[in-house]
Structures are given as structure tokens and as C-alpha cells.
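In C-alpha cells below, several structures.
First chain A sits with chain B, and in the next complex the same chain sits with chain C.
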Partner chain A sequence: MGVTIVQHYPMTENRTGPQVIEFLTKRVHAMGAAQAGPFLVDCETYNSAPAFGPPRTVHLLNNSEQPATVFSILESGQKQVPLVSDPLFMDLMKKLGSVYTCKQQTRMEAKGPRFEVADFLVKLGTVTMNANFKGVLVEVEYRPCLVPAACWELLREFMQGFLGTCVPNQPPSYLQNRMQDIYQPLDTIQQYLDQFREYRKAVTVR
Partner chain B sequence: MAQPLSTAIDTAFKSNIVPDQEYLLQGSILDTSVEHLLHRLRGLCDNVDSGPEQFQDHEMCFTIRTTPTPLSLRVRRALDHTDMPWQLRYIGQPEYGDAKRPTIIRSSIDIGCSASVVEFLTELGCRMDFEYLARGYMFRKGRMKITVAKIVKTNPNKSQDSMQLISESYLVELSVLAPRGQDAIAEDMRSFAEQLRPLVNLDKVDYKRLAHGPP
Partner chain C sequence: MMSVEPLQTALSCIRTLRSNVGVAFEALGNGIRSDHGEEGKETKFLFELQDLLTVVNNNLRDVEQSINNLQPPHNPFNLGNSGFLSHEYAQDRQALYSQLVQSYKWTDKVHEYCSLAHAQLSQNSLTRSYTNTSSAKRRKIQTSSHNVLPIHVDKVINQIERLLPEMNVNIQRPFASNVILHVSVGRVLKAIIAFKGLLIEWIIVRGFSESLDLWTESRFKVFRKVTENAHAAVMRFYMPTMPDVSVKNFLTWLHSFNTLFSDACKGCGLHLRNAMPPTWREFRTLEPYHEECKP
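On to the complex of A and B.
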């Protein structure tokens, strides 16, 4: 595991989702990438019942890279509390059904092919909300390094090389305050959640 | 294509491979006699070479106002192994059954988790009811787990040495976590409990009756 950047890839009017994935796949292949299985990141959102005090939201996320872990992020007012746990936590959430309910319409998913390019891992994700296409997310991981500050420039250059100008010169806002910290799988999940929020807000494909 | 984890969990529950039932027998023994019991358990149990495993756990009990009945959740952490994951546990209502049933059965979900669990539960809307320390020994016999532990009242303002013991005896628990429908294990537990019988009476303890005093 290494430092990971989750990047939104803007859609153009004349291309469909599968076409963008195919286009990016060709570019990744041109760099000498080898496909190494699929990947899937999904997010289910639970909202507290109105009678249960101030509104609270729990996001349950899974990443196929950590298949035996559930990442939960609880939002209560301005406060965010993460919890990393065994998958059975999902069953516990179902037991709280009378106070926390899951809306199937807001279920988000990013899935697609996964590639290995030397020290990098590239994932091309098709984002769907309740099976409706919302856009394309590209995840790039630099595996030998765990400190974002030490490899951001390298990652940026690598990503701009095959994604172009959609990659900003600044790291994602979530990572900006954590550039010197040791990177953890939860940091990838937080970036996905930030992106999923934007997709939920967007009326059309992004 | 990778399948969502939620689908995998549903499948695991449908195929009855998730150990979500706890078979339980409880009893107690006076401090003055506990050495005899430990000696006997050392002889009967699997970890005979390494000796009994000691543990020191801190347990916090939370409730959340679900309907129709409030849900009880427990958080446990090992004070002597601070690098281990914390444990979040749901325990359902105990079923005592009739006299023929050898043990209590209660549903149980054990979840290893990060140390943020207390803050998570508090923000989720849970309220902490009580907390205590359990200090003692753990033995294994096949799938059975036997704990002999002293229950200690915690006092957040005082150091660990000045903690107050709840009683002059040790709590003895014999338990197995198993998937649904494996009732044969309950018979094994009964026969194991029989072997400890002269020292400790392991039985189906009904808390509701205890709360109202002896009949």
C-alpha cells in the first residue's frame, strides 16, 4: 500500500462513459501497463430517523483493496468520526434499522479495471449512483511511499502525463493538511467519499 | 467482477457460516478456592504447556434507543495488549429454554475495530451505562473458551491500583461462538461443566431473577 490520489476525470459531450474508460485504457496500456484484475469501491449511506435527535449520517464504504474491512464515517453536525472495522459491522447497522435507515437510491459505486505500471497502480472507475452512470474517477497509487509530501510531485507528473490538464497542481484538499503524515487506507476512503459527495450533488454526469 | 462486500456478507449469513450465536454457562468461585479451579482447568484444557493466558480487559456497556427494545453494545479493549484492535460486540436477549437445554443461547456479533469506536458510538447516539475491568485467566478446550476473572469497578479519578473489587469471588464463564443450529456443542459444554462441578457450579444464570433477589 502506498500514497493514493483519487482524481475526477471530466466527461466531454461527445463521449460516453465506456468510451472514456476505453480511451484511458489505451493510454495506460501505452505506458506499458498490465491489467491486474478489477476493483470496486462502494458506499452506502444511512440517515438517522427524524425523531432521533439531531440529524446524523453514517457512510459505510468498502474497498476491494481491503476486502475484509469496512470503513464507516459518521457525520454529526460539523464533526466527523471514522471507524475501521470487520465486515460484520454492516450487519450491526441493519440491527439499528429503527433509527438508521439506508436509502438505496444514494448507493454509490466506482468500479472498473485495475492496472499495474511499474511502481504505480492505476484504477479506472466508472461511477454509478443506484446503477445510473455519474462519471469517471481515476485512482493512482504510488506503492513504494507512505508520506504524501515525499511523492506528490511524482504522482502529479505521472497523472498529468496520461490524464492531462484535469489534474490540478495542488494535492486533493483532504490531503493538504496531512502531507507529512503516514498514509493509511482510510485516507483513500475519505477521498472517495469527498468525490462521491460531489457526484451526488451533480444533476447530470460530471 | 468483484462483488460488493454487503452481498458477500448476506451470502455468508444465508449459508450459516457466520458465528453469531453464543452458547454460555456462568458461575462463580470464592477467591480462597480459585487456585483449585485454576489447577483443575490447567489439567483439563488445551493450553497445558504454555499455562493459562492472563488477560486484563476494560469493558464499556452502551445502549441505543432503538424500537421496540433498546439495543445493548459492548466495547472491550485489552489493557495489557494496547496494540490489539478494540472489540465491539452486540449481544441479543438471552434464551434460557427449558431444563433440557444445556446452555443459554444468545445472538452475538463480534467486530474487531479501531480505537475510535467509543467516540463513534457516542456520536451515533449511544449512551454509556457502566464500565468495569475484568482481570483473570483464559483457557481453551477445543472450541470452548473458559475465563476465570475478577470484576473490578473502575474509577476514572484514581489509578488502577486503588480500584475497587466488586466481590470476593471470581466470575467463571464457559462459552462458544458458533453459527446457528450447532446445538451439539451445548452438550459438550454441559459435560465439561460436569467435570468442574465439585468446585464451581456452571449454570444458566437468569439475570432478571437475580435483579429481584431470591424467590
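On to the complex of A and C.
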């Protein structure tokens, strides 16, 4: 898989979520994009029961690009432990109901159309938390390249081309320490989780 | 060769005759049936039989006629060794004859196409092999680019590899003599290059995450474009008299794709044009350009 950047697209006062998606779809089409199906990334968060020592949080994420994989990230204090596993892991978590309980209200989802522009993959995601609209996330993947450092400038140019000034000149903070490494699917998940955290903190739409 | 058509008609005549004789005897064997009715059933049965026999008679005449049209072959067929196939008694090998005929037809066709292709290619002046057409009196020994000792090829390629820091070269000889080179440039691309001696015959460029094989193109548009440009470069750098220099120039050119995704175009100063990075490298200066911006 290629290098992927997950970018938050700020909402303006007078536009609704579907209007923003439609507006961005038009721009992507203007670049000669072809629609290539839908996509979905979802995140469920489990909290450990108070009887089991210091609180721990497990985030379970699914990405439609890797349908046979479940990504989970365990947070305990400052430490993070990622785990990549089979979908069966979801069932295992349900069995652990006495230890980890799922907070239904915090279920996050980003879904929407998926486009191909030459070797780029563009996904326009509507973010919802427990079915409430929270904002718009744009994911851009450059599939031929594996090293973020090699193609960040190129990706930035591409994203600023159709998203405008909301794209910063620096890569996402999560990627900054990993610019020379080979890009993994888990890196995309981490970026989504970082974004979802921001959405959870925000009181209104972002 | 004898024409097959009369033989076919004769065979189909015999088939009709056999079938109709079968029908006649079946009717005779069944005797008087209920659909002949009650009144005068014997005469009706006799009439039916008579009709069937007339048909058989006509068929027999047809057969005789078609056999008369056949011409016996003048001399006995010479089947060569394949004649012995009729002596085969193993059941599973009796079908060999039709396969033999099939493959004979194939080789015949291949022969025909080869001779046509040869006639075409001998007129084509774009051949890359260095042939001395002038009948010079003093014959100098030519340096041939496609008939080089394997040790020499290895030496040339290893020397070049040492000059190019980001390039990783792996020499393979799947068919003993000629080199297939697996090249990777940085963590950007992989290429597979087929040599004939020291002459570059074929190249496919693919992504670093893709597997290498000589015949399938990359999934990515960028690398398909680079493959196309590499073919142009092979032609551009081709030097029949100094094959090692041409290989060196070509690999240096390929090495410059190390910065395929990070270099901006020298023409327009941008990274992307039509959502593609600069896929063209100038042959002399190795400067990156977009397909649309190249000078």
C-alpha cells in the first residue's frame, strides 16, 4: 500500500455535510477522477472495568481497504500497543465483556465515496459519532510510493490543489517521526484514530 | 493431393444407406402394427415395406454412383514412421494419430509464417545487430555486442553497480547464457532487464512493492510510463561498437529515477501534472521533466 494522508476539512457556517461532500466531489471530478466504490472506516472504543487497576482503553478499528483485518490499539497511560489481527478478534472482545465494556455513544465512523485519479486514491469521508454528523475527513493515498519522505511534497501539492489552504505544510504529527520508514496499513489507522480523538473532543461540528 | 469432397459424399451416402436399411429391417421385424387399422392390414404393411425397400434401393444406387466418382490414389500412401502407429494395441495410445496430424499442420503453418516473417525482416533496416555488409577486403574483427563471454558481462555490470550507490543489482541466468538483471533503485522502483550478451533486449519497470516478472506491466500508471521511457532510453543509448558504455549510460539514467517522487519538474517547477510526477529524465543532464514539459 502507498503513503496515505488523512486530512480534516474544516466546515463553514453556511454549508451542511452533504453539501461539502458534493462540492469536493465536483472538484475531484474536475481532476479527471473515476469513482471506484465506497469506503468505510469505523472505530469502537472499549474501557476497562475499574476493578482491574489503572484504566485502559482499547480502540478497535476496521478499514474497508483491509476487510480481513481488525486493528486494535491499547492505550494505557502514555503507552500505546497496536495489534493487527483477524476479524475473529471482535468476537473475543465481546467475550471479554466483564473486563472491557464498549461505549456505544462513542462509536465513530467515516464513510463516503472513493475515487481514483491516475495513481492517487481519494476518499471523501463523512464523520459521524453515534449517527451524529461531526465533520468531513479527506484521505489521499499515493499508491506507487512507499516512503513518506519521498512523496510528501508531491502529496502536499496534490492536496493543496483541491482542498486549498486547510492543508498544512508539515506532514501529520504521527508521520513526522516515521518519514523514512516503509508505510504500513497501521499508519493509516493511527492517523484516523488521531483525527477521531479530535472529533470526540469537539463539541460541535469541526 | 487427392480432393476430399467426393470421399466425404461417398461416406455420407454409405451412412444414409446403413440408416435406411436399419429402418427397413426394424419395420419388418415389428410386423403388423395397430396403426395399420383392421381392414386390409396385410396389404398396407406390404405397401409400407415396399416403399422402404425402394428407398434402400435408391440409396444403394447413390452409393454405387459416388464410389464410381472416386479416383483410386496412383501410388500407395507413404506414411513414414507414422504408419507403425496402426500397430499400436494399447488403448490409450490409439488416439495418437489425430494428434500427429494436428501437430503436422501446426509445424507446416509455423514454417509458412517463418518464411513470411523472414522475408519481411530482411527488408527492415532497423536491425540492432551489427552486421558488416560491405565486402571489405581487409576484414577487421568487429566487437560484437551480443556474443560476449559471461565473465566479461558480470565484470561490466559489477563495475557499474559500484558506481551507483542507490542501485542494487542481482545477476541471474535462468537459461545458462544470457543475463536477466534484477535492479532495484532506492526504495522507489524495481526493474527487470533482459540482456543478450551486453545488448539490452527488454526492460520492465515496476513498483518497489510489486513482484518482478518479464511480461506483466506495473499496476501503476507512473511505472508504466517509466517503462515506456526506458524503452526509448535503451534505443537512445544503444552503441553497437561500445556495448559496455551503452549499458553504463542506461543504468546511470535509470539510477536517476531514485528521486522520481521527490524531484519537481525543471520545466514548470511543480511536482504534478495531470496527477503524474515528472517521469522523463533528460538523457544528457538527467534533469526531471513532465511528459508535457520536456524540451
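Keep this in mind: the second predicted complex is superposed on the first by the 206 of 206 C-alpha atoms of A that agree within 3 Å, B and C clash if a C-alpha of one lies under 4 Å from a C-alpha of the other, contacts with A are read in each partner's own complex, and residues count from 1 in each chain.
The working rule: a contact is a pair of C-beta atoms (placed from the backbone, for glycine too) under 8 Å apart; a residue touches a chain by one contact, two chains touch by 3 or more.
Remember, predicted model here, so these are calculated numbers, not experimental data.
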Partner chain(s) touched by A:Glu157 [first = chain B, second = chain C, both, neither]: second
Chain B versus chain C as contact partner of A:Glu22, first or second or both or neither: neither
Which superposed partner A:Glu198 touches (first chain B, second chain C, both, neither): neither
Partner chain in contact with A:Asp42 - chain B first, chain C second, else both or neither: first
Between chain B and chain C, more extensive residue contact with chain A: B
Chain B and chain C contact sites that coincide on chain A, given as residue numbers: none
Partner chain A, residues of chain B touching it in the complex: 1-6, 8-9, 13, 18, 20, 64-68, 71, 73, 88, 90, 109-114, 116-117, 119-120, 123-125
In the complex with chain C, residue positions of chain A that touch it: 1, 31-32, 117-120, 142-147, 149-151, 153-154, 157-158, 161, 182
Residue ranges of chain C touching chain A (in the complex, touch as defined): 186-188, 207-209, 218-223, 259, 261-262, 264, 270-272, 274-277
Residues of chain A defined as touching chain B within the complex: 37-40, 42, 44, 48, 52-53, 56, 58, 62, 64, 67, 70, 72, 74, 76, 79, 81-92, 95-99, 109, 111
